[in-house]
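Below you'll find the structures, each written out as structure tokens.
In the two assemblies presented below, chain A is common to both, partnered first by chain B and then by chain C.
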Partner chain A sequence: MPRMIALVLKHRVAIILALTLTISGLIVPGYLSGTTLSLGLDRAAAIGLIATGLTVLLIAGQIDLSGGAIFALAGIVSVILQPSIGILPAAFVGVLVGGLSGAINGLLVVGLKVNSLVLTLATMLIFRAVAHWITNSQPVSGIDIMFSLAMAQIYLDIFSIRSTLFIVLIVLLHVWLTRTIPGRNVFAVGSNPTAAEESGIPAGRIIFFGFVFAGSLAGVAGVLQSLVTNTGSPVFGSELTVAVIAAVVVGGTRLEGGRGSALGTLGGVLIMAALTMAMEFQSVPAYIQQVVSGLILILLVVLDRTVHTRGRTAGAIPLLVTKNPITTGGKT
Partner chain B sequence: MNSADYALNMRGISKTFPGVKALSDVNFSVKFGTVHAVVGENGAGKSTLMKVLSGSYQPTSGTIEVGGVEARLRRPADAQALGIRMVHQELNLVPDLTVAENVYLGRMPGKWGFLDKKDMLQKATTVLKEQGTAIDPQERLGNLSISQQQLVEIAKAYAADPRIIVLDEPTSSLSEHETAALFRILRKMRDAGIAIVYISHRLKEVLEIADEVTVLRDGSMIETRPIAGVSASDMIQLMVGREVSNVFPKSPAKIGEPVLRVNAISDGVNFRDVSFDVREGEILGLIGLVGAGRTEVARAIFGLANVVQGTLTLNGKNVIINSPAEAVKAGIAYVPEDRKGDGIIPAMSIRENISLPVLKRLTTLGRIRRNADRSLADQYVKKFSISPPDPERRVNLLSGGNQQKTVIAKWLAATPSVLILDEPTRGVDVGAKAEIHHIIGQLVADGMAVVMISSELPEVLGVCDRIVVMRDGQASPPIDRQDLTEERIMALATGEEVA
Partner chain C sequence: MIGKKSMIYVAVTAAMLASTSMAYAKTVCYVTAADSHAYVTPANLALQERAAELGIEILSLSQEFDVQKGTEQLNTCVARGVDGIILWPLDPQAYIPGLARAQQADIPSILINSPMDDAANQFIKSFTGPDVYEEGEMAADALSEAMGAKGTVVVIAGQAGNGTTIGRVAGFVDRLKETNAQIDVLDTVNADFDQQKALVVSRDLITRFGDKIQGVYANDDTMARGFIDAWKEANPSEPTPPIVGINGQKDAFESIRTGEMHATIVQSPIEDGKLAIDTMAEILDGKEVNIRLPIPLTVVTKENVESVEPAF
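Here is the complex of A and B:
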């Protein structure tokens, strides 16, 4: 019996996802059709791409709140550059802006030894302000609506370009995190930075590239959003950050670092998307949707704690990373 | 013997921190293929010396030769590149990785960045087997017991093929059986030519395993001797080796009835069967080496940790204390060791800190009575001569000694009958120390019962009326000051003598 429970707890993300899909399928007519799933998957992709980047950062014991702002900024850049350099080069520059924003975050966090929660809160405001500044707070339109329609194309009845990209990236990230030496080092840095550093692992470099990766993916997500909608807007993605953090945490990645998985994040993103879709189909008001998402988050975090705190004192685990482990030498 | 036989040669090492000279002109040499023990009191400079060796600290002056070649150790990686490995007392492992991943942390085998799990597992299994431990290399490290983790830490150092291994109190969490196994491993490593630096306060173990011993005292090297012909009492003599000066004012207070009686309490982990009583007007010293369980006992009495067995009697009545709030209500106050972390609210003023536990008393209809608040603060600032004498000064701007006086004042405002002080004079200068001793003397003169935890032998012998010596979670009965010497306390604390 305890083994059963342990097994259920271990696969809790997959089980809750299956439950969500089954129950929604029973209640909502036409839920389990290709159209619904492809739509849900496509919408999950934006959150999913940012969540993929954030997964690495959270495992490394850091956090990035500026993802939503980078999302908007990269999208705007990719749209306003279209007339002068063409759609694809502009898209490329948009992603580059995302990577650069991530590099700024990383440089400041590692170089100044600042708590990443505070620092990315600040850069979130700055990136968002820059987005408003260069657009005069107005949405900007792209040059070719046909390209947008092509981007939104659904293949094999299920996959859009961005949902495919999300799934491919999350699988690659899974392999990287579990099978490569740098991947394992990310866990070491998040779990005990002092031990990692003293064992010769370049913690600062790992954290820096974590931010670059997260920024680039937020950039990719933002550029794709702008290409699909043929619009760049300074208010895009303003509610994304919270949804992204929720999805990653639902997927079993720990806010304090050292534990998490890419496949878990995939599960978390899909759970949130499946729930939202089901409730929208049933015309559940948006605020109730948020309440349900919140409750699921609480449920999974409590389950997560049950799995991992056996034989440890629950009180010893802080709710949020309150001190930068780099500056405190791992003692939080 | 020429210099190439020396794995390590440290010459004239000094290390100064702002305000403190932690090491002064220490010479320390270790030969290949020997176990070299380093002993000394708490704060004698053992850890600082090892941090210099591991590259964590830069010495203020002095030279280091490793294998006969002068080396500059700017960071831990430099020391590791020269084959110096540390086994820390506070474990330096990653709880969320597997045992095998921890053994090869920073040096995992693989190709093109891809981890060769099979190879790593095989190597880790071999190393663990060579050590004679039955730890599953695929287990998550955080699931192991502390003693198993200790063995993993040693395996990690050994797997790196080192020239010098430094072990800091490696047996503090090991059972007798595990210690014997560790010694087998150490002898094997020694016979393979590795130089082993063994830091311990367990003199019996030092006598058993070491080939040479170096004694440190107050940041200076006192002597290095071959272990043959050295006895435990010789070592204690060298470790203590000073006259007990009379700088500490003895408390002339009249001693009355027992206020707090602790009856055979255990927490199931850190201490067991601890019994003592503290009387009105008495200062009871609680002394022991780091990790002996002193702080844990204090925390348990104050309701910060669970007591699984035993009882507390306060003023003749049995009391059960489950939380600090209950302890304060019952009349117990605890001034913790970590002043910055637990004792003060740094961003608040002296006044706000002092009145914090008694705000309710100073409040009318939910409003704090400013005058009462102010006069309370004024009273203690004057009584304890807190300097500068400005109750509105932010506490984090005060010196360590004045912060400590503020913390004590804060608890006195709650008028406790028992005051527990954990290392009240750690990190304060000599003048402030004397003032704090004077304050404690005043308190007991007014009839309070004080329990004082301290690592400083002269302090305890100077200030306390009776002394309880703790070792490995067990406590001696309270012993009168007149019956104790520094040597005797050290002997009790290290287990050379049973009380």
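Here is the complex of A and C:
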């Protein structure tokens, strides 16, 4: 019996996803269908791509709150450059802007040794302000709506371009994190940066590239969103950050660093998308949807604590907690 | 074995019966701008009440003024396989792929309240809502009449680039030219449909132009209120110049009664909501509808202020 419970707890993300789908399928008429799957995956992709980047950062003991702002900024750049350099080069520059924004975050966090929560809170405001500034707070439109229609196309009745990209990337990330030495090092940096550094792991470099990766993926998500909607808007992604963090945490990745999984994030993203769609099918008001998402988040975090009851040793508390003015009451 | 099989048949038949009886009532997906807003809420309620009368089930999704959320909600509507979609667009382009998906799935869509770019026209059956250009024209006539067709005015506009602002300003300027009124616009300033911002820009206008402000056109009543407050600060004893606003809010009616405002144009959210669902009902009945269906507009001055209902 305890083995059963352990097994259930270990696969809690998959089980909750299955439960969400089963219950929704029973209650909501017409929920379980190919169209729901394909459109659900498509809407999960924007959150999912940013969540993929954030998973690496959280495992490394860092956080990035600026993802939603980078999402908007990269999308805007990819749209306003379209008339001068063409759609695909503009999209490329948009992704580059994402990577560059991530590099700025990484340089400041590693170089100035600033806490990432505070620093990305600041860059979130700055990136968002730049997005408003270059667009004069107005949405900008692309040059070719037909291209957007093609981008939004669903292939083989299931996959859109961005949902495919999301799934491929998250599986690749899973392999990288679990099967390669650099991937394992990310966990080492997250669970105890000092020990990692002393055993020869370049913690600073790993954290820097973690931010570049997260920024680039937020850029990819933003550019794809702008291509699909033919619109770059300074308000795009303003509510994404919280949804992304929720999806990653639901997937079992710890805010404290050192523990997490890419497949868990995939599960977390799918749970949130499945839930939202089920509630929208039933016309559940937006605020109740938020309450339900919050409860699921609490449930999974509690289950997570039940699995890992052993406490950490004092020296093993990672950067985000020890150098965080919120958790240390202002003392860093 | 046989017993089990017949059980399955019974279950399948029951399920089919259940699903057909549920499919009988038509379901319309209503992607609205927000749940709580001075104009949107009464429009939502009116739409839902009328839908209940017509026997149409409404699947209401609120964008909370988030365009991205709206584009995703269109996906839900298509996946749900509804019979029609009513969209309150907050962006001229972003919803087009979603509307195209709906069209591919043979779901008719209409727009309520705000227009989109012409590129969207091939994916929608109709756009129901106020004609903002006509509102500008009506405001020009009202102000021109109050000023004896000559003088100098200021225009307090909404957000730059916003479709409503563009229409309301263009209609006003074009109409003045068309009627050969000798009215010059001293300046047009943006105050984003915000009373506080209107107060600040009005102070500047009053300082700059003083007595030259012989008339005021505000793109909505809240901004007209901002001008009135600024005027009272600067010239407590002088009466306000003729002011024309748009929307027909309760407090604008009060200002017209006291003479602080000359006129407003009533654009009723209730008519807005009703017209959309009525139009959708006609589409679901297989009738052809006009691509553009405006809601009725009324100019309100001191003469008819007691007989017209304020919009909200």
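Everything that follows uses one rule, which is that the second predicted complex is superposed on the first by the 311 of 332 C-alpha atoms of A that agree within 3 Å, B and C clash if a C-alpha of one lies under 4 Å from a C-alpha of the other, contacts with A are read in each partner's own complex, and residues count from 1 in each chain.
Just so we're on the same page, contacts are C-beta pairs under 8 Å (C-beta built on N, C-alpha and C of every residue); 3 or more make two chains touch, one makes a residue touch a chain.
No experiment lies behind these values; they were computed from the predicted model shown.
Contact with chain C, but none with chain B, is seen for A:Asn230 once the two complexes are overlaid on the shared chain. In the superposed model, A:Asn105 makes contact with neither chain B nor chain C. Within the superposed three-chain model, A:Ser33 lies in touch with chain C and out of touch with chain B [touch as defined at top].
Looking at the superposed arrangement, the partner reaching more residues of chain A, out of chain B and chain C, is C.
Every residue of chain B that touches chain A in the complex is listed here, in rising order: 76-77, 80, 86, 92-97, 101, 105-108, 110, 113-115, 117, 142-143. Partner chain B is touched in their complex by these residues of chain A: 179-185, 187-188, 190-192, 194-201, 258-259, 311-312. Chain A contributes residues 29-30, 33, 35-36, 39-40, 42-43, 46, 136-139, 141-142, 145, 148-149, 151-152, 225, 228-231, 233, 235-239, 277, 280-281, 283, 285-286 to its touches with chain C in the complex. Residue ranges of chain C in contact with chain A, taken from their complex: 19, 22, 35, 58-62, 64, 66-69, 71-73, 75-76, 78-81, 91-98, 100-101, 105, 117, 119, 159-161.
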